[in-house]
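The two complexes that follow have subunit A in common; it is paired with subunit B in the first and with subunit C in the second.
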Partner chain A sequence: MNNHIKRAVSLYSYQEEFFLKKMNLEDCIAAAAKTGATGIEIIGEQSIPNFPKLTDAFIDQWFGWMDKYNVTPVAHDMFMDYTKKKGHYWTNDEAVESFKKDIRFAHRLGFKVIRVICNVTPEIMEKVIHFAEDHDVKLGIEVHSPWHINSAWMYRHWEVMERTGTKHFGFIPDMGAFTKRLARVQVDRMVRQGADRKIADFVCEQHEKGVMAEYIIAQVAQMTNNRIDIAVAELARHNIMVNPISLLQHADRIIHIHGKFYEMLEDYTEYGIPYKEVIDVLKKGGFEGYIASEYEGNRHIQDIYEVDSVEQVRRHQEMLRRLI
Partner chain B sequence: MIVPEKAKKTENGFQFGARLPYYRGISLSMVEEIEVTLDGETLPQSAVNITVHGNTYDLVQREKETDDRWEMGEEAILSVKKEDGLSVGEHKLGLKINLRIGYMPFPSIRVAEKKIII
Partner chain C sequence: MGPLDKYILKDDALEATKNGFQLKFQSHWYRALPLSCMDFNLKINGKEIDKNTFKIKANGNEYRYDELPELDKEWLFVLDRGILEVEQPLEKGKEYEVEFKYDLYIPYILAGSQAVPLLASSVAYKNLICQ
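Then we have the complex of A and B:
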């Protein structure tokens, strides 16, 4: 227990209940706190109406909740809507203006980290770093599968980190890049939608063996013409497995972790993502930030089961507590 | 995505409730298409107005609206003009919503179908 990895919950995890108005923002914060997590992550545009506008009354209420539930704002997830205007792709100046709104928003609500969506270019990052430094907010490009931390796109972001030498720009690896076994909940839903069970099993076996996605897709394309079967094969492309040791060489650049998960089992393991292997690497690298639970299985089971995000997050947090 | 309980006849057509099929709120300008089908007939997109938290937009206004937002989980009202009206009773309602999401390399399209009772 000689390390400083901390636990957070992204309120994204409770989106099913939030969408259906079974839980409001305070309920989500309370549920996160109840798991023992000490940090809160949000998608501003999900949790707070009128984004990026904030009223003083809301800010008071927000910090009131943080005190009441004894939690800390950790990360705000930003988006870059380059195509917000119909028929017009934002210029760099427009993108920078949008980014600054997120930085001001995060700063006012006490978030020290912004999750930068993966479509933001390295050029934009370089233009906003000083603004982020001035607002004491660290920017982390999300390393979300099918990207991994050494992908060409991330390499270009890394060059900006290195060249500027800033402490306010780093990586936020998403655990989805360590999908050793494809999410059962996702595959099962596609079978319910008409995918062939035998082909799905084949895809899962091949992926688990580490066979390259393009090979799996090519093989399935020879078995069937059904679009949904090809889509199952394509899961292997979108949900990659890379050696977690790749995080080690970037240890000093990792500012936050997205603890993506699809299905927590009763024995406190994730069905397809080897959390222990990854957390061991993070410990070795001296990671001192937060791992934030990010439940994403909801959308794959909502057609036949009642989603219980609260229980899934509870199990995930208990797993993290044991592994950290 | 369709909220059938909010369906009712209006002076020049009908309306129903709809929730944005996405995990965050977005500006109305990013809603690329709202396509309504009634009993198999596809209605023109220009016949559909959207009302979010009391503000109503027609197609042209919606496409230009980069500030006002359709929030996560918010029940918007979609009002559809239909010259010949519609009969009392059960109808099959289809809805396709296409969103322009900057980080997605393809359009984000969701479809739904529900029975409504007028």
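Then we have the complex of A and C:
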């Protein structure tokens, strides 16, 4: 069956090298393009100083890079800073104004999708849909673990999509909701920080068997009072495994995929996330958007290894190329 | 703990100034945050510095410590360093034991029943030669 799934890279993946100034923004774009990906995703506040302000000179440079490396701006990841001042929680109007800044920013840099952070309320979404339509930017609520696409919170967003009938609001599932095996790099780091290896192994085994997170946490609480052991058990709560088939019923509302990963192995598989199972479902559902590599293992190995995000993303893209 | 906490203080972070010293720090979060979401504690050779004596510099602007909670429009970009300036003389070329606790209140991750910003706190311990 022919399919039209495309590949992108979130420059978030290169954050370690970017932060250490081993790679600048252009280097990140070049590295993404070199993998064969054709789309670029960014977090505005991570990649661009003075976000959301943009100068004409920067915009020219940005599109120059897109042409030079033969890539397309795909998605900007937006955040909703509800409480920047202690004790003051944004009103919906303040939140909407902030959201509009992200939409204008995305529009000016050519992004057709905004990844909306999962804690944005359905009420706020409904208030910005027209603005997004006017700027031809699709909004995708991030379906991030521990939520999944059938969670009550996502159902409330789905109701807004259905009620408004808009083509500019959909879902962006994050692959972290398909964590079959807990990320080894994350568990190992917690062991280096003092977690008990035997308890960590127990948690990983139980999670892989599909035991409910709350049971695992309760069992570990019987074994130890050590906070970090409990934190290991809580990984099972924050890194869920849902059946990928759950995506099918909302296939027409999926606009983009966050290809979260923690550890790409030399055989081009992800240690804990069964990409093939998920991509097979996306193909069956006729998904035609981008899957964007989003490497997050860097932060768990930086204490003992030199991070090589470029190689990790290359492997991830090669895996996607084969599976798509 | 932040995702980048290993890199808060570089080797040249401590510097003598005309009136005292300054400590240059980099955020340990992956995304720029405003100064209103930050707090700091600093010990030099085990002795805590009174926070009210801090001057905080970012993007060429300078603030008193008590102004910090209101600075929601002064963002510190992930590649830039902020500066804590203290009017307490340190000796150039001498090594000091620095303990810098850097708290970030993540404004988009609201935790618990009170929906307060998640506290991402990192403590950097480093022996630094005063530049």
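Everything below uses one rule, namely that the second predicted complex is superposed on the first by the 323 of 324 C-alpha atoms of A that agree within 3 Å, B and C clash if a C-alpha of one lies under 4 Å from a C-alpha of the other, contacts with A are read in each partner's own complex, and residues count from 1 in each chain.
Methods note: a residue touches a chain if its C-beta (ideal position, glycine included) is under 8 Å from a C-beta of that chain, and two chains touch if they have at least 3 such contacts.
All values reported here derive from a predicted model rather than from experimental measurement.
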When subunit B and subunit C are modelled together on subunit A, clash or fit: clash
First (subunit B), second (subunit C), both or neither touched by A:Leu282: neither
Partner chain(s) touched by A:Tyr12 [first = subunit B, second = subunit C, both, neither]: both
First, second, both or neither for A:Gln46, with subunit B first and subunit C second: both
Touching partner for A:Asp303 - first (subunit B), second (subunit C), both, neither: second
Touching both subunit C and subunit B, counted on subunit A across the two superposed complexes: 12, 15, 18-21, 43, 45-46, 49-51, 79-86, 117, 119
Touching residues on subunit B, where the partner in the complex is subunit A: 19, 23-27, 29-30, 32, 63-64, 66, 69, 71-73, 100-103
Of all residues in subunit C, those that touch subunit A in their complex: 3-4, 6-7, 26, 30-32, 34, 36-37, 69-70, 72, 75, 77-80, 105, 107-110, 115-117
Touch list for subunit A against partner subunit B, complex: 12, 15, 18-21, 43, 45-47, 49-51, 79-86, 117-119
Touching residues (chain side subunit A, partner subunit C) in the complex: 12, 15-16, 18-21, 43, 45-46, 49-51, 79-86, 89, 117, 119, 298-299, 302-303
